[in-house]
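Please find one structure pasted underneath; my questions will follow.
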Amino acid sequence: MKILAIGAHPDDIEVGCSGTLAKYAQEGHDICLLVMTEGQMGGKGVTRKKEQIQSSRLLKPREVIWGGYHDTLLTPHMNQMVSDIEAVIHKISPDFIFVHHEDDTHQDHRALAKATVSATRYIRNVLFYEGPTTRNFSPTVFVDIQQTMETKIKMLLAHRSQVQKTNIEGLAITDVVRSTAVFRGIQGRVPLAEAFAPLRLFINILPTGREGL
Amino acid sequence: MKILAIGAHPDDIEVGCSGTLAKYAQEGHDICLLVMTEGQMGGKGVTRKKEQIQSSRLLKPREVIWGGYHDTLLTPHMNQMVSDIEAVIHKISPDFIFVHHEDDTHQDHRALAKATVSATRYIRNVLFYEGPTTRNFSPTVFVDIQQTMETKIKMLLAHRSQVQKTNIEGLAITDVVRSTAVFRGIQGRVPLAEAFAPLRLFINILPTGREGL
Amino acid sequence: MKILAIGAHPDDIEVGCSGTLAKYAQEGHDICLLVMTEGQMGGKGVTRKKEQIQSSRLLKPREVIWGGYHDTLLTPHMNQMVSDIEAVIHKISPDFIFVHHEDDTHQDHRALAKATVSATRYIRNVLFYEGPTTRNFSPTVFVDIQQTMETKIKMLLAHRSQVQKTNIEGLAITDVVRSTAVFRGIQGRVPLAEAFAPLRLFINILPTGREGL
Amino acid sequence: MKILAIGAHPDDIEVGCSGTLAKYAQEGHDICLLVMTEGQMGGKGVTRKKEQIQSSRLLKPREVIWGGYHDTLLTPHMNQMVSDIEAVIHKISPDFIFVHHEDDTHQDHRALAKATVSATRYIRNVLFYEGPTTRNFSPTVFVDIQQTMETKIKMLLAHRSQVQKTNIEGLAITDVVRSTAVFRGIQGRVPLAEAFAPLRLFINILPTGREGL
Amino acid sequence: MKILAIGAHPDDIEVGCSGTLAKYAQEGHDICLLVMTEGQMGGKGVTRKKEQIQSSRLLKPREVIWGGYHDTLLTPHMNQMVSDIEAVIHKISPDFIFVHHEDDTHQDHRALAKATVSATRYIRNVLFYEGPTTRNFSPTVFVDIQQTMETKIKMLLAHRSQVQKTNIEGLAITDVVRSTAVFRGIQGRVPLAEAFAPLRLFINILPTGREGL
Amino acid sequence: MKILAIGAHPDDIEVGCSGTLAKYAQEGHDICLLVMTEGQMGGKGVTRKKEQIQSSRLLKPREVIWGGYHDTLLTPHMNQMVSDIEAVIHKISPDFIFVHHEDDTHQDHRALAKATVSATRYIRNVLFYEGPTTRNFSPTVFVDIQQTMETKIKMLLAHRSQVQKTNIEGLAITDVVRSTAVFRGIQGRVPLAEAFAPLRLFINILPTGREGL
């Protein structure tokens, strides 16, 4: 299957769903990333872009696509973003799309989520992921990431300029992410999980004899 | 996989999720039904029980279990229902459970949903289905039932004493169910669908080469 | 009474509330339509405009007003839309206003709903209608459209270029609309209904001896 | 039309919807009250019953029906209440039903609202009213009670043993009710209003020439 | 402590939280106001500015800051507003921030609330206040304003050009505000209160021996 | 101040709010615990009671009160629980009350939360806490528990028979609690926090010169 993950800034996708992406990459699915900005407000754009590419290598994605927008300035470009995301969808025909949750204290995350809701209106599987700025998130869909938790951590560490930038003293993004995985794991009844709120999701019950997959 | 569908009265499961059950039954999964009452307030218990058994045959279920409760009287038996459902779960170890949505104008549906939420607290996949009395239902999970719509209709027709009992003149339960399947299909972007709200669901992305399943 | 229906594109009003409009038009109320764009992204503007006018004739509206905006580009014009809708309200003094629901996967529908919420802040009766892209819609207000269902269908057929454009193979917009009317009818306890979520609504209990109206 | 108002204790209906009842009583509609308990926990049952009857006279109701339950003890009688309310509905065939909102800090109000939701499952117009213990109430339906505000106050004063029992020093129930009417009036854009959340409501747009009614 | 109150137009802060501000001003806390526009659509900018300054004197604020935006035109300036509010926060380091609720029929209030949610993402105490155009507001946090109700009224009267502009005949803004204070007082179990919905709030239980403060 | 924490089973209060209790106990506030059952379904009642008492010693509470109910059987005793909690409130006059969140997969937690909502209807500060079975919890109120996290852990370890009973292999309750504290800390912008949803809360802004408390 083809999976498209969309994030506003470098490392957003990693925080939200890289355990899931790594899991399905390992099973042979096609991963594609769309990063809308270089995250210029949180560091040098050129550095952050490099970090994103380095991190992404662990997923062996088919492609990392850059949206070319400017950090913090997504809101005024709602219509353009809808078109751009539609163009990416047209090009790669994803079966699954992951994006920021609609309610978030970061204006870029909100705007990108809204644009994606519009651009994906005829896509069958679209899921919202979470991050430290997400609000009012009551996830109902879970992915067990026990096997890929360490890959997720490695990906986050590749964003070297960001690891300590959590705005909470003494707390690295890797601490945030580990605690979140345990917290969501509890809700999903597994040790470590990523959690999602579906915009729209089709159940796929595995055929008999394939449950182990 | 093992699938357990739970309903308060004969034909509730058919209305809510029989297209999905038929689909997975055809693929070789194990289906089990738990019907809490004989629906004595909507007809003769003995008749309705017979109809339920006849309808169920189309699913070739492993078992149809009767809860033994009395129609309209589930509310005062919350604790007993939790125990009874836990016992069924213990016996058949279901991977997926389907039950009424929590908000409903029928007191039995509400009580059974609540009891199931408690009894399934350590089950990984639990989904709420809808019916004509469901309230405030914003489903996010869909199953394409194009292939099994006619089986669903046949199952409903097997409940001969109930087909015309919709409380809306001139409208048979089969009309209700067809319209609902189209309505939910639109939301899921397929011609006919059953729709669910997850209490908790694990994504299963099919392994490469098996997408067609 | 004066009724104003507002839609983003040609045929949106028909999908959402034309059964209701036709019903009240037949009883002698004044109907006015405000269509914000010509729907240029879904066909030729000139064609769609013509279709809208042809469809509207069945309502014998006092007026069809065109907003003059461009399809898919409503979002950046929130303030202008508020002013424009206020101007229309000032001109026709509507007693009832119908508009898209606020949550929708189409960005134009969302933006127009928000603009209308602002522009109608001192109007007593404002109701949100639904369409195939509406999200999280839990309607509580219903209109029985048994007598005008066929008019609604005829109006939709007047939008000839759009009838098959549902993005679901084999499903015409008339199928969507019929199923929705049955689905909402069930919730309202009548055979066919249109359903609304009120922003604000005043009850009008008919005086004794006029119940049949 | 026939209007049935349901309350858990004497004076609950007055607080919630007596302005509306008085308005429609004046227009010649039939009013019926169903009071589930005598309010024995807030005073002597015999006194409170007398007060309720005295207050009700101002509505000239067709009937005041007593549920016969004990104050604070409605919760365990969900099923019996559903049957009892169904019996009342069967007897008087109401067109409109008013009852407590579902979310409330008082256990009797919650239980009665739930029982009414079940018992009214095939009634076309059911509305939830509010009181000082209501929670999470976002009303969308309003009734202008300018003409009957003073009747509402008089009815509340008839509950002499309760007027000062607001649990807030120096605040009479009439103060509570006046402030609420202004507060909801603002939301409905009229000087004084009662506000409701619909479970289910049919719009009745008055026929031309009758708007003044 | 330092308290920052943010409003879109002159008198918005007064309506929403001036009782609270006056209370804490009296206890010696630092108050700062940020008013985004001069309210040019509701009167002459120069007049309204003067009124705001006169009203504010009753709080003896450290500063009244003007945002310099134009009335009704906040929506298109989301990003600029986020930056501007961040700059104010950087300058005055507030411990508490008060702002409009996110859901409101006025487009400026919505936009300003959203911008503030973004700008305050690392502030510990942020609360949403209400006004006559607020929607879907279920406050859970209360401040007893018995001691400062009259100051609140005086502040509102200082906005002389606005007192009668409530869009409801015969109702002054002071009537609106008094009724709201009683209505919210009831919910908080005190005679007069202002009510808030927290975005984020830290409990401060007063140390023993200081409860009377 | 007097703080009452209410839990259905031994260790529920510890999971939900013991960091907060320990913090305020250290500052000299009075703590009182009300534990409704001995948790007989999760171990021997006599053992669990002993563990609860041992754990509680770390808070030096004024009193640990036992409700005397049977584990899993709270639902049918709604009315009795309301009376019992009211009696406790009458006896100790708490300023703050903490209890389970209303939405939870455990039937006892739901029932106890509902009973507490009723029993505390005239208490000014009531907050819902969370645990591993809580659902749909979007907390807005936080307490920084950096100083008391280790006390919280010690208290949980005192419930020796329960530490490994999380239903998730390899995960101790202390892991759950630590991850939750980090997860909620992120949302509150501190390293470790307990999070609450207020039923009703009064802000207490500390007087100038006491901010450090």
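Which chain is which? They are A, B, C, D, E and F, in the order written, and residues in each are numbered from 1.
In this text, contacts are C-beta pairs under 8 Å (C-beta built on N, C-alpha and C of every residue); 3 or more make two chains touch, one makes a residue touch a chain.
Remember, predicted model here, so these are calculated numbers, not experimental data.
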In the chain contact graph, what is the shortest path length, in steps, from chain E to chain F? 1
Between A-F, B-D or C-D, which repeats the contact pattern of E-F in over half of its pairs? C-D
What's the call on chain A versus chain F, same or different interface residues, using the half cut on shared numbers? same
Could you tell me the distance, in whole angstrom, between the mean C-alpha positions of chain D and chain E? 34
From the mean C-alpha coordinate of chain A to that of chain D, what's the distance rounded to whole Å? 50
Touching two or more other chains in chain C are residues 76, 122, 167, 187, 189-190
Could you list each pair of chains that touch, in label order? A-B, A-C, A-E, A-F, B-C, B-D, B-F, C-D, C-E, D-E, D-F, E-F
Give the list of chain E residues in touch with chain C in this complex. 72-73, 75-76, 105-107, 110, 133, 135, 167
Which stretch or stretches of chain B touch chain F in the complex? 76, 78-79, 82, 114-115, 117-118, 120-122
In the complex, chain E residues that touch chain D: 132, 135-138, 166-171, 175-176, 178-180, 182-183, 185-187, 189-191
Over in the complex, which chain B residues touch chain A? Could you list them? 1, 3, 20, 24, 27-29, 95-96, 122-124, 127, 140-144, 187-190, 196-208, 210-211, 213
